[in-house]
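The same subunit A turns up in both complexes below, where it pairs with subunit B and then with subunit C.
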Partner chain A sequence: MTLLENQSAAIPAPREITTKPRLSDQIFRAIVTLGGMASLVILGLIALFLSLKGFHILTEEKFSFITESRWEVITGDTGNIEESNLGIGAMLVGTFLSALIAISVGVPIAVLSALYLTFYARGSAKKILISLIDLMAAFPSLLYGFWGFFVFMASAEYWAKLLNKYLGFVPFFDVPAPIFERSPFIAGLVLAIMIIPITTSISREIFDQTPLDRVQAAYALGASKLSMIRAVVIPYGRGGVIGGAMLGLGRAMGETVAVYTVLNIVYQINWQVLFGAGGNVASLILLKFGEAGPYEVDALMAAGLILFILTLLVNALADVLINRFGKKGR
Partner chain B sequence: MQTTTPSSLASVANNRDQRVPGTNLLGTGLETRGVHAWFGKKHVLSDVSLDFAAGTVTALIGPSGCGKSTYLRTLNRMHEFIPTAALAGEVLLDGQDIYAPGTDVTKIRLKVGMVFQKPNPFPSMTIGENVLSGLKLAQLKKSNTDDLLESCLMRAGLWSEVKDRLGEHGGSLSGGQQQRLCIARALAVQPQVLLMDEPCSALDPGSTFRIEETISELAKSMTIVIVTHNMQQAARVSDYTAFFLSDGGPGVMVETAPTSRIFSAPVDKRTEDYVTGRFG
Partner chain C sequence: MTVQTIPQPGKPWEVTVKQRTATGSLIALAFILAAATVKFSGLSGKLGFAVSFFFLATFLIFVQQLKLRDSQAAKDAVLGSFAMLGIVLTLIPIVSIVSTVVIKGYKGIHPNLLFKDMALNSVNDPIEQGGLLHALVGTSLMVAGALVISFPIGVLTALYLTEIRGKFARPIKFLVQAMSGVPSIVAGLFILSSLVYPVTKELSGIMGSLALTILMIPTIARTAEEMLLLIPNDLREAGVALGATQWRTVSGVVVPAAKSGLVTAIILGIARIIGETAPLLLVSGGGDALNLNPTSGAMGSLPYYIWKAFLTGGTEEALARAWGGMLILLAFIFILFGLARYLGGRKVA
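Let's turn to the complex of A and B:
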């Protein structure tokens, strides 16, 4: 036997490494698993319920359900459905537009607020502001809707007119008729105000956790506060900010009452954000649910299913973004 | 702690190259006059007056909690980052009080650099970007950054190990390499004074040796103040040593002298007890 063979013979197979868990550990593990699975099971059941109720609508209305913008059901004398034209195209566009406006206005303000609260606010002002923002995150959305409708609309309408006047050559800011009330723009701004607290709260938490040794390293190199924030805090907090923004986006996309209160629901695809027509999927469901017949209810479930899938896609996108950009600074 | 005779440490101190203050043109160095420090109501440092002559290495030694790190952090105004921190006395850099009203603190920290106990490279930056990060942070313009990058890494004793991997992230280096990267980063903004807060306490003996070599090399062109728990290290690298002690109250500077004398013939009984390993 050569030395080499001898050596390889001496290397044993890896052992299986196990441990005998204590009873208390086993019980706790079972409880935790139960809790963890419960949310997954409930989510699955909701998806299943929406699919069961809504799927036949999707097969009957086919692709036009998401491209068309009509909501007509003609029932005969016996209550049977003679003709139906159902499509949520306008509502999908409205969902997308108002959420986009909410994110692009809300997230920058939220990030600035979070930076202010973490690095500039001091003492009792800081404490009061933080608890106010957390309180705002828990406000019922109806109140935002009311405030948007009765108080905010007039100013927002003025801004919309300004935008239209100076940027009207951009198709996005053009209007077919000078109606600026109850537009996706205004709904988006109300949504922006709604998502600022949650996004601020999450961003602040993550900025607060910036490792002190990196902050000190930057200051010791002669950094100003601004350059320290840019070099250390933003790279570290980027993933958390994206996560907070996506939570805000989820809330904006699914928001029902605030949009229903502010927005003028019209079945017409409208990309002109300043024009007073639109709607989103959730507010359509709220609008139609009370008066809907069985077939329409199923159609609303199908709309819900599409919103559900859309929300899942947004969250998946958030995960991709966090993995792509968030981990780098950690 | 291992008991060491003062004479053995003194011979270590005597066997190194001796630097004499005032033999080079590096400004007038750093002086402190009657520095006191508080955290909230707690008085942690009392009446420390010390001179750091330009182009010398001074070691601050003493048991934990004696205020030596706090004192070090008053020298580049990092002390004020602790929200309740307060200070009295003067710290003079080239004769100017760095705490004078109207002082731009970022300019002070450019002149008085710092290396921390735990290596803290910026993880979002590459090795090269880390070295040059000070230029960006302090918004300094520099035309030939490649030369600067190479010379800083050379002086920190890291160039040969990283010259082919400057695009990798700082976190991919070993602890000792990370600490030398932090030294290179501090050098890039060309400080007059370099403060080192136990720079080797998290490192293995090999890395410690490399860093001590680096310190000796750097002392030719700048003033260095190093806090260390390791008296061998103080004897190996420093020209002067200051002994700090707290008897439960605020920390005081008991004695300062050329390093060889601190270890051979300390004046104060407490210094002698400490350097011979009787306590601490």
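Let's turn to the complex of A and C:
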């Protein structure tokens, strides 16, 4: 009896039962939420500051900033700008051209190797291959650029000549002069090599998520691997693969160093992909930055803003595709 | 007493040795035929050989499967060889890149590199003179600075996505994804327009760190999120059931359990930014002398060291120097990746 009485004094008062978080939790949640908003804040700040510096260029140069292909600033004796013709038309065309070459070459290869990794490779070989491809995705673009310039260029030039020789009647593959070095075609191939690892690993992850019961149902119905992949894996993973391709496109569009080293940056709209002249918005920024006066720097900011918005749009589309259509299928 | 023979379970679907040798000899035949094609027809060179070998091998295996089994199996075999082609085409660049860097880079490595900077040397000097001390120090300082800022932000983002799962979880997930797609040059321009021009008016190491932070946050946030999702919910429920608040559960149970995962996130984040060139060219300048002060003055970095040796040199020495720098950069990436694999391979919790 006395024992119990003694203990009853030591039992703490029960906590109030409530769903309201305690003070420590409120603080914790507030801090974590604030930290979580960081990405929103940073993206917003990027848009804000690039617009602050670059927007007046867009209003002064108007629509020609996107359509024109000149980059001239004529300064007077006192250093003030008398005339300016700034436009990134050629560079925008070049950005899309090299990125399109990159995904049209890279994505089929990436999808095939993702199929190999998911449905053909076994055991430790599979693990090693997956690690290698992840490692390749972490290689810096500087490495791809210089490898492309010093090693890959020679082979790619030969392929370009072959294409020109046998498919020269297609306007795309025609050249005004036989200069095949440093062309958008070669830059596109280097970008393709850069995006293959990312697209492969995203496609592989999507293929891996294919419900096993559907795969086995297909096999049980007597499907061969090909018909199983056509009936189950492709419908299920199509959206995800397209999303992965879009991510690759975004990366290829924003690539700076690799394009700068491989491509011969020339200020003209060039549709002939095998001809050694082209450009890309990101590499233009790097090229012009060193010699740019204040007005030109602002114009480069505007170019950066356009690039930022473009990649954001591509990424948004990729995200929608991966999430909305990634999990569907028969 | 008759001895009953117990039938052994067979694996009729397994590829037999006979089939294997048949396929192997077909591939060998394709090899010989491809060599003959290159010799006697218009196709030439390595490319011609590779193309004719691939199509011949595919065709021969197609015919073999058609004879042995049926048209379904034959089409299947064609898909198999195309998938093989895909993985080979993916692997050729990685093999070529690594072997090029090793073969060309070892000439640019010299023990002196670690103790000297390039303040008094041009890139065209012999390898024994000058070094990349300044670049290593600069890269480590900038990466460390970027890590100090982006690790808390990345982990908080991951915690928001996995622990709080508030109503903004979906948009934030998207924003992190979008942030990982921000071109590196735009990150550089952003720091330039927001801090360098209006505030410091000087290129410095800390500006480089800030630009790298933008590129590092998404990698850390996404890896940390994946790692936190691996923590079984039982642990969280056990913590809460013992009367812990959410803060105590997260700080005392979830985060310690995910410790090796968070280290992996740091390592992958470093691997992501260690070779970034474009933003550093814009905001941290290119220093050739050792600079220990990240708040002022241009700061060298490993990518800049490589960049400068490639672009301003032109002699054998400059190229060897650049490839040597590339070899060191690649070695760092290999080590970081190996560490991440090792930590990631261990069981969490």
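One rule holds for everything that comes next: the second predicted complex is superposed on the first by the 281 of 330 C-alpha atoms of A that agree within 3 Å, B and C clash if a C-alpha of one lies under 4 Å from a C-alpha of the other, contacts with A are read in each partner's own complex, and residues count from 1 in each chain.
FYI, a contact is a pair of C-beta atoms (placed from the backbone, for glycine too) under 8 Å apart; a residue touches a chain by one contact, two chains touch by 3 or more.
Keep in mind it's a predicted model, so treat the numbers as computed, not measured.
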**OP:** Determine, under the contact definition given at the top, whether A:235 touches first (subunit B), second (subunit C), both, or neither.
**Re:** first
**OP:** For A:213, select first, second, both or neither according to whether it touches subunit B, subunit C, the two together, or no partner.
**Re:** first
**OP:** Check whether subunit B or subunit C contacts more residues of subunit A in the superposed model.
**Re:** C
**OP:** Applying the touch criterion given at the start, work out whether A:165 contacts subunit B, subunit C, both or neither, answering first, second, both or neither.
**Re:** neither
**OP:** Give one of first, second, both or neither to describe whether A:227 is in contact with subunit B, with subunit C, with both, or with none.
**Re:** both
**OP:** With the two complexes superposed on chain A, say which partner A:20 touches: subunit B (first), subunit C (second), both, or neither.
**Re:** neither
Subject >> subunit B/subunit C common contact set on subunit A >> reply: 224, 227
Original post:
Across the complex, what residues on subunit C touch subunit A?
Top reply: 45, 47, 72-73, 75-76, 78-80, 82-87, 89-91, 93-94, 96-97, 100-101, 152-153, 155-157, 159-161, 163-164, 166, 168, 171-172, 174-187, 189-190, 192-194, 197, 214, 217-218, 221, 243, 245-248, 250, 268, 271-272, 274-278, 281-282, 303, 306-307, 310, 322, 326, 329-330, 333-334, 337, 341
Subject >> Complex interface listing, subunit B residues touching subunit A >> reply: 76, 78, 81, 106-107, 109-110, 113-114, 116, 118, 120-124, 133-134, 136-139, 182, 185-186, 189
Subject >> subunit A to subunit C touching residues, read off their complex >> reply: 15, 21-22, 24-25, 27-29, 31-40, 42-43, 45-46, 49-50, 52-54, 108-117, 119-121, 129, 131-136, 138-144, 146-147, 150-152, 155, 158-159, 162, 193, 196-197, 200, 224-227, 229, 247, 250-251, 253-257, 261, 282, 285-286, 289, 297, 300-301, 304, 307-308, 311-312, 314-316, 318-319
Original post:
Where on subunit A is subunit B touching in the complex?
Top reply: 211, 213-214, 216-224, 227-228, 231-232, 235-236, 328-330
